[in-house]
Structure formats: structure tokens, C-alpha cells
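Two complexes come next, and they have one chain in common, subunit A, joined by subunit B in the first and subunit C in the second.
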Partner chain A sequence: MRFLRRVLNMLVVLLFVSLLMFVLVRVLPGDPVGAALGDGATKEQVEKFRVQMGMDKPLQVQYLAYLRGLLDGNFGVSLMEPRDVGTIVRERLPATLELVLCSLALAIVVGVPLGILAATHRNGPVDQASRLWSLTGVSFPNFWAALMLQLVLGAALSLVPITGRITGPPPEHITGLYLVDALLSGNFKAMGDAARHLITPTIVLAVGPLAQITSMIRSSMLDELAKPYVGFSQAVGMPRFLINYKYVLRNAFSSTLTLIGFLFPLMIGGAFVVEKVFAWPGVARFGADAILANDYNAIVGVTLVICLFVVVVNFVTEELYVALDPRIRLER
Partner chain B sequence: MPDSLSFPSVSVQAPVVRLNGLRMDFHTGDGVEQVIKDVTLRIDPGEIVGLVGESGCGKSVTAKLLLGILPMPPAVVKAGSIEMFGRDLAGLPSGEREALKKFVAYVPQDPSAVLNPSFTIATQMIDMIVWYESDRKLATYFRKRHTRTVVSRARDHAAHLLEKVYIADPEQVLRRYPVQLSGGMRQRVLLAMALSGSPQLMIADEPTTALDVTVQKRTIDLLKDLVEREGLAGLYITHDLGVAREICARTYVMYAGTTVENGPTGPLLDAPLHPYTRGLVEAIPSLEGGLPRTIPGQVPDYLAPPRGCRFAPRCPEAFERCRETPERVEQAPGRQVACWLYGKEAA
Partner chain C sequence: MAVTSIDQAAVAVSDQAEAAPVRKTGFRRRFARFARNRLALAGAICLLVLLVVAVLAPWIVPYPDDVADSLNFDAVLQPPSLAHPMGTDEVGRDVLTRVMAGARWSLSMAVIVLAIAVTIGVPLGLFAGYYGGALEQVLMRITDGFSAIPALVLALAITVLLGPSLINAMIAIGFVWWRSFARIAHGQTLSRKQETYVTVAKSLGASDMHIMFREILPNISSPLLVAISLNAGYAVLTGTALSFLGAGARPPTPEWGQMVAASRNYLPGAWWPSLFPGIAIFITVVSFNLLGDGLRDYFSEE
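After this line comes the complex of A and B, so read on.
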């Protein structure tokens, strides 16, 4: 029942976003038809194209037609490449997901222990370094970090490829995530290839979130470490390790979980820039191109799919939150 | 299950606790706070000793010191000795210091705050029980904690401990989270936890202040009963003299980091010697109504404490001599007082 209500909730959000985006792209200045047909198009060609795309009808009629299309899984034709936006997004989504998930994993795997160390060894070297890092990490512009890494790791040291997702033939398509596909099909050559391409964009995208996760874990651990139950556990002789990693971390983690829920959409936003710089064939780069080209259907389509992910991720974090904290669970 | 008596490092005859002329400073951002000036205190096996005094006079610091949770630094021992279970704590390796905690049962002030809100009572008790069995080795602990037989035996032991504190349905309580229990119930769970090592000494730091009056009475009775049944020694910290009279055989009165007077609780409260003790006794509200007398002034600033007797600035009977620190003298058998009004040279 609760689940059903959540799903209904999500649908309403998606519907609202679609309406907002649909109207917004059309209200904002810009000439998609001119951009699509080029400067040499005649008046008749433009008119014919507008009718073809249904742009001659009133806005509400266009929107309803769009919604009807969505129900058939039809996102409308992109102006940049004359195919259905849904198909393009489906092709490109795994690349973005692979990048964002790897970055998020990196940020969590490094950020959480770093935050714990910083809190348990307060004012020690790790703490000082992590605080400096938190400050600089959050204020680094993505594109600058990307260019620097390309310059140093890619161009100067030739350790990693500068752009693209893979050099050799991609692994057999199973999930679309190259690392997973390569692993599943035992194609380790492709796996190494894909991993080498992933390293730099993953680091660039993870810089900000890692810094945020570290400082969030640090501050909530410090809050928790001051609570009486910590002193009690020490007084009865429980080991520091168990106190820090079982008792305190469990209580300190909920706020970080919320943060991770927030970070996911932010990272997709970051991917718009990172994918562009690294020529990553993902949906975010498609979205960035669509905005530049004023491609109505592509913009709305990409936004909707990203929105869907955000909504689902929020749902998952909330469920995890409940699983983690019995006080919330008990109130139900 | 516990095998405390076979543990080689704990003596059963020696005084459980002996603090002798203890002086401790705290290095804070504002300077050096000379909090503990001269604490002398002895707890014999099977004896409950009270420690009374105003807030801020060093009672909790003493408790924390004995519990091994006083951060050092900022605290620094300047003089005197600390012995527990016949062992001198100065120079004791931290591992051995930690190992002693198994023999100390801690009953804290606020039962609601010391239980971890995210874990069931069962988890918290089993963790403790298994850890005490693991010889202070994390690897052993993790192996045991994931062995089904060990865990179920620990769970049974936890249930047994809960029965000892008269919890009627231990299984039910074990499954609960702390928020699902009442204040009195939580305090009982803590008492049960306190027994999960192999305690010889119970340190209770104002265990009833956070409870309402009816629960207070029951908790005190339970505590008394437990200490007797388990043959524990106890240090009972309170500012409630009535409670001290009820459960403590002997009582130490503490003022500004000095144990100013001690003796059997009854005589001490009936005929107090030290002016501070007298002030405390007179400050008890009487049933006849009217405002109780209070001691004017407040606990000194530890950054710049008065020279000599620290109570002198508030003392109605202070005289010239009080600028020097008074010796502790035996005024009657088992009755000591640190005040210039007494002793051979008394005026």
C-alpha cells in the first residue's frame, strides 16, 4: 500500500516535470527548425518541417500528443539525429550510469573511511588534510580538474587515454555497462580497456562528492562521539574499533545517506560537463548537445529519464534510511 | 560462566579501590585547573561507600578516573596514588588497564542516553558478553560473535542477567530497542549489563537523578539487593544525603577536590564535624516546611583556587589558620576530618 502510494507519487512528479520542461523549452528563445535545417532552407521547407513535427498546433494539443506518444514508449524524434529520443537515450544511458556509479562508489569507498579517520583522530594529520581537501575539493571546477588530469595523466604521462569510452571493440552487450559486460563474458582485454578509459572521468566526477561525504561523515561522527553511549561503551571496556565502526558509524551514517541521495542527481548534472570534456558517449553529453541545438524532444526526454532516476534513487535512500534507524521504523 | 576469581591479576583481599592523596590538574585552553587537590578514599571488598558533595566538586571526575574514561591529557596526575584491585594504576600498560574494566560494573547517571538507540538490547548485551569472553582480542571476538552456539549461549546469559534484575519477560525486553522501554526499565537493563562482566566493584554515578521518585526508590532497593547478592563493593556517588544514609556503610564528603570528612554514614550525618558537612546536612529540606538553610557562596574557580582550606571563603568558622591546608586527622575510630577545628593542635 505504502509502495503503491510512492509509485503514484513518482508518476505525478514525472508528469509535472514533463509539463514544465515541455512548456519551458518552447517558451525560451531559440529556433530549432532553423538549426536543424541549416541556413539555406527555404520558407516552404521550414513550414513543411514545422507541420511534420506538429509545431503548427496549439501548445496544449502538442503536449497531449506528446503524452500519448510517451504511453507508447515514443519520446518523439530528435532534431540532431532523426531517430526516436527514447532509442538514443536507451543506447547512451549505460555509459552515463557506469560513469556516475563508479564515481559514487569511489566517493563512498574513499570518503567514508577518510571521514571516520578524521573524526577519530581529530586535529591529527589525516583530519587536517581531509579538511583542506574538503575545502578545495568542493571548490574545484569540474572542467578544470578534467583538463588538468587529461594534460598530466593523459598527455604528459600517457598513462590513460584522453577521451572516449573504449578503444578496442566493446564487449558483448548484456547490461550496457562495459565493465560488467566484460566481466560477465570473460573478456578481460575489453575490461582493462574500459577501465583505463573510466579512470580519469571517474576521478573528476568524484572529487566534489568525495569531499562532501568526507566532511559529512566527519562532522556527524564527531557529534555522535560526544554522546553518552560512547563514554558508557568505553567505561565498560568495549574496544575502540567496535565503538567507532559499529556503534558510532551506524548512528552517524543516516545523514550521509541523505547526502548520497542528493549527490546522485548532482553528479548526473556534473556528468553534462565531464562527458563533454571526455567525449564520453553518454546520455548527459547528448543532453548537453540537445540544449545547445535547442532540440525540444531530446531535452524533455533526457530530463524525464534523469528525473526518473532521481526519483527512484530518493525512494531507495529513504528505504535504506528506515532500515538503518529503528526509531523511524518503529514510528510506522 | 564468568571466571573472575581465576583471573590472575585481581586480588580479592586487598581494598578494591585505594586513592591516596590524589592531586590532579586539568590543562584547558584557559589555563591549568587544579580540580582534584587531595582525594583519599578506600573501598573494601563487599562494602558500599558513598561520595557526596555539591555539583562541580570533583565527584564525577573521581568516578571517571576509576572507570578509566578520564581523558589524560587534559587531566594529569600530579601527586598521590591510584590503586584498584590491589594494583597501582600508574604505569599499568593500557591493555591491562582496559582488562580491569571487566571487573567494574558501571551504573551511569542517565539511563536513556547511554544505551545505543540503533541496536536492540539483545545486540548490545551480547556484544558485551562475547567481548568479555574474547580475551580482549578483536579477531577472537568477531569469530565468536558469528558462531551460532556462542551467540545463543550469550543470549541465554543475557536473559539470565535480566532475570537477576527482576525483569519478568527477558525475551521480550531483549528484542526491544531502547526507545521502546521506560526509564526504570532501561535502568534495570543497565544494571543487568553491569553484571555481564565479572564485576567486583560497582560504580554508580547518581544513578537515580534522572528517574522519577517512585522509580528511584525501587531502583535503589534493587541496587542494594544486587550488590549484596553478588557480593560487590560499591562506590555510590550522590548529592542526596538521604540516599547515602540508606545504602552506604561509609561516606566520604567531598568539597572542591578534597575529601574533607569521612566515616560511617549514620554518625557522620547525625553529628557532622566539618563545617561543610554540617552545611550540607542543614541544607536538607525538612518535612516541617520552611526554606532549608543553604551554604552561601559557590564552589571555587579551579583556575585560581583559594590557598589553604578551599572551603574557608564560605566557612562560617574560618580563622587565620585556614590559609594553610589542614591535615587529615582521625577524630574517632574510622572517622577522619580535614579541618583546623580538630586535631591535637586544635584551639
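After this line comes the complex of A and C, so read on.
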């Protein structure tokens, strides 16, 4: 029952987002027809185009037609590339997912141990550094951090390529994630190539989330360590590391899970900027270009797909949270 | 710890003097307590300096003509020197002058975005939390819907559709940002509406509006203040990102994000016109975060 209600909730949110975006792009004063045809278009051309796109009909009729199209997997034609938006998004989605997943992994792999170290060695040098980091790490403008890293790592030190996703031929298409595809097909040359391209954008996108995960882990572990059961376990002679890892850490992970649900939309938003700076061929760069070019169907389509991911990630993290923490299950 | 004992003494003294409120001492005591957090104090001072620079910019910048679109083609892209501590940009303008003038735009961004967001979000959160029921369901589902769209994406779309300009970027970000304040106000109202002062006000026949805005709102102002300070930094980051993408400020406005965008074509050779505006953004955002963090500690002690 609860599960069904939550799925229904997700659908309502998605329907709302589709309606909001659909109405916004049509009601606000932006001019898609002008953007598509250019300034030199005649009145007849404009009229014909509007009829072609179904824009002469009332708004609610257009919206229902759009929804019916969505059910058939038809997102409408993009104005920038005259193809179905759904096809373009499908092609470009793996590039963005690879980038966001790598950043999330980096943020967790570095942030969680750093937060634990800070909490277990409270007020020590690691703790001081991590506290400073959690305040400064979220304050970098990502476009600027990207340019500065390109400047230092790419241009000055020539350690990594400055832009793009891969230099040589891409690995055989299996999942669309270059690292995974290269590993599966044993193409280690392509794997190294893709990894070298991934380094800088991954770091840029991970900086903020890394700081937030560190401070979240630190503070939730400190709260947990202050609880009576920790003192009791110590008093009965349980080794410190066992207490830390068996009880405290488990609770800290629950809070990280909630944080991931919160960080994911932030990272997708960040990808809109990062992919632009790194000429990354992902769906976020397509979305940013679509918005800047007033490409209506692409704007609504990309936003919907992004929101689908956000909603699903939230759903999964919350379900995991409940599964990890029996206290919540009992309350229901 | 000498500081603590003096402080405790101050608290004891002022507790005795509670009957005859001396406003100034109260403020001093509070300020002293806030200022114990050195980082928060540093943030507050930085913001004060930024504010002064923003207000006085036209009179104190080294090259007043360079604020807008003056062209000095004999001084293009000069590296930092004594005459130009941050170098000159692609049309020979003094970068320091433009960074100083840009403080005005980033602070306006923070103020306008938050004013819009608080005006929309806080009443919605209050209504949802206070009335509950169907109204709460509808309002909070709408908030969820808005939260599912990344802030930058929605703000970028609205800005471009309104017509790319700095003021439209501010309006768009404000329109996106209300959801944070709706959430906070909603949660806080839920936990406060059972308290005695609300019950008392109700039994005295106070109207719902009076209870929400005169009884509950003042009592949830501390968490809101913390949220305002912490969100100000993110609003500035989002605003500069929109300008960087070409949807916000237009040249020759000396807006920091726009300055980085205009100068990035001259990388890697000329790094200074890209580097310094970015540092200015960073310092502004860190200051807001330090202040917000300090306020949170301050209020949680209280």
C-alpha cells in the first residue's frame, strides 16, 4: 500500500513538472518560432510553422496531445537538431550519467572517510581542516573552478586533456558508459583515454558534494558518539573500533543516504555548467543549449527526463533508508 | 578560561538587570557572544567591506571610466602591475576597478533573490503548516514538484524565456528559491503550532492571520535568518553561473560571472581577468556561509 502510494506520488510530481514546464515555455514571452526560422522569415512561413507544430490550437489541447505523444515515447521534434528529443536524450544520457556517477563516487569515497576521521579525532588537525573544507568547498563557482583546473592541469602541466570525452575511437557500445564498456570489451586503451578525460570534470562536479558529505558524516557521527550506548559499550570493554564501525557508522550511513537524494539534483544542475565548459557531449549540455536557443520541445523533454531521475533517486534512497533503519519500519 | 568566566559574569549581571532593560548592553552582550566565533566574525566583516565597496564603488575605484565600456586598446591584457594590481582585460579596462564595481551586482542579486523567495515561500509554508489538511497536501506537493527540477535548470529556463538580463535572472532565481523557505517555514510551523502561546492567542480570540504572522512568525525567525544567510551564498553562485552561461548580465556590465565568461577566450595566456572575478565570487559566498554557520551556532546555544 505504502509502496503504491509513493509510486503514485512520484507520478503526480512528474505530471506537475511536465505541466509547469509546458506552460512556462509557452506563456513566457520567449519566441520559439523566431528562434527556429531566423529573423528573415515571412508571415506565411511563420503561420505554416505554427500550424505544423500544433501551436495554433488552445493550450490544453496542445498539452493533452503532448502527453499522448509521451505515452508512445514521442517527445516531439527538437529545433536545434531536427530529430525526436527522446532519441537525442537517449544517446546523450550515458555521458552525463557517467560524469555524475563518477563525481558522486569520488565525493563518497573521499568524503565519508574524511568525515569519520574528523569525528573520531575531534578538534585534531584533520577535524580543523575538514571543517574549513566543508565551508569553503561549497563556495567555489563551478564554472570558474573548471576553467582554473583546465588552466593548471590541462594547459600548464599538460596532465589531462582540456575538453571532450574521448580522443581516440570510443569503445564498443554496450551500456554507453565508456569506462564500463571499455572494461567489458577489454579495450584498455580506450579506458585510459576516457578516464583521462573524466578526471577534471569529475573533480569540479564533486567539490561541493564532497564538502557536504564530509560535514554531514562528521556531525551525525558526533551526535551518535555522544549517545549513552557508546559510553556503555566502552565501559563493558567493547573495543573502540568495533563500536565505531558496527554501530556508529551504520547510523552515519543512513544520513549520507538522505544527503545523496538531496545532492543529486544539485549535481545535475552543476552538470549543466560543467558540461558546457568541458564540451562534454551529455544531455545536460544539450539541455543548456536548448534553453539558450528557446528549443521548446527539447526544454520540456530534457527537464522531464532529469526530473524522472531525481524522483527515482529520491525514491530509492528513501527505501534504502527505511531498510537500513529498523526503527523507522517499526513506527509505520 | 578567562573569557568564559567574564562572559558568565556578564550573563549573571544582566540577568539581575532584566527588570530594567538596557538595550545597548543587551546588544553588546549578544554581539560579544556572536563574535567569539572568529570565523563568523570574519564573514560578517568581509560582507561589511563588500557592502561599503558596493555603495562607494563609483567614487573609490582607481579608474572610474573602466566600470562600463571604455576602450583602451593600447593597454590590452596587461598582466598585474603596480598601476593595475589585477591587470587589464581584453579591451584594456582595469580588472580591479571592474571587480570592485561588480560587488554591487552580486549583493543586489542576493538581496533581491532572497526578498522574492522569502515573500513567496514563508507565507506558503505558514499556511500549509498552520491549516494542514488538503491545503497542506496541495501546497507541499507543489513544493515537491518544484524541488524535483534542479534550481539552476529552472532558473536558467525562466531567465531565457523572460529575456536574458540581470534583473530577469534575479526574478527567475527568486521564483525558484521560494521552495527552500516554504519547506523550513512549514516544518517550523508544524512544531510550533501546539505551543502554549498559540493556544492562548487562540482562546483570546485572535484571528488566524494574527497567530500566523504575529505569534508564530517571530518565533521561527531565527531558523529563517540562518537559512537566509546560508541561501544567500548559493543564490550568488547561481546568479553568476547564469551570467557565465550568457543568460544574466550582458557586457559591459561589470558582473563577476559575465567577466569570467568574457575573459575565458584569452586563457591560458591571460589568466588574470578570469582569476580575480572568480576569487571575488568565492570570497562573497564563503562570507555568507561563515555568517550563516555562525548564526546557526549562536541560535542553537540560545
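FYI, the second predicted complex is superposed on the first by the 329 of 332 C-alpha atoms of A that agree within 3 Å, B and C clash if a C-alpha of one lies under 4 Å from a C-alpha of the other, contacts with A are read in each partner's own complex, and residues count from 1 in each chain.
Assume contacts are C-beta pairs under 8 Å (C-beta built on N, C-alpha and C of every residue); 3 or more make two chains touch, one makes a residue touch a chain.
Fair warning: this is a prediction, and the values are worked out from it, not measured in the lab.
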Clash or fit, subunit B versus subunit C on superposed subunit A: fit
Which superposed partner A:I203 touches (first subunit B, second subunit C, both, neither): neither
Which partner reaches more residues of subunit A (counting touched residues only), subunit B or subunit C: C
Touched partner set for A:D325, first subunit B, second subunit C, both or neither: first
Subunit B versus subunit C as contact partner of A:L99, first or second or both or neither: neither
Which superposed partner A:L225 touches (first subunit B, second subunit C, both, neither): neither
Which superposed partner A:L114 touches (first subunit B, second subunit C, both, neither): neither
Minimum Cα separation, subunit C to subunit B, after superposition on A (Å): 5
Subunit A residues contacted in one complex by subunit B, in the other by subunit C: none
Subunit B - residues contacting subunit A, complex: 67-69, 98-99, 101-102, 104, 106, 108, 110, 113-120, 127-128, 131-132, 136, 138, 141, 177, 179-180, 193-194, 197
Subunit A contact footprint on subunit C (complex, rising order): 39, 141-142, 144-154, 156-158, 160-163, 233, 237, 240-241, 244-247, 257, 260-261, 264, 267-268, 271, 274-275, 277-278, 281-282, 285-286, 289-290, 293
Touching residues on subunit A, where the partner in the complex is subunit B: 227-229, 231-239, 241-242, 246-247, 250-251, 324-327, 330
Partner subunit C, residues of subunit A touching it in the complex: 9, 12-14, 16-17, 20-21, 24-25, 28-30, 135-136, 138-145, 147-148, 150-151, 155-156, 265-266, 268-270, 272-273, 276, 287-288, 291-292, 294, 299, 303, 306-307, 310-311, 314
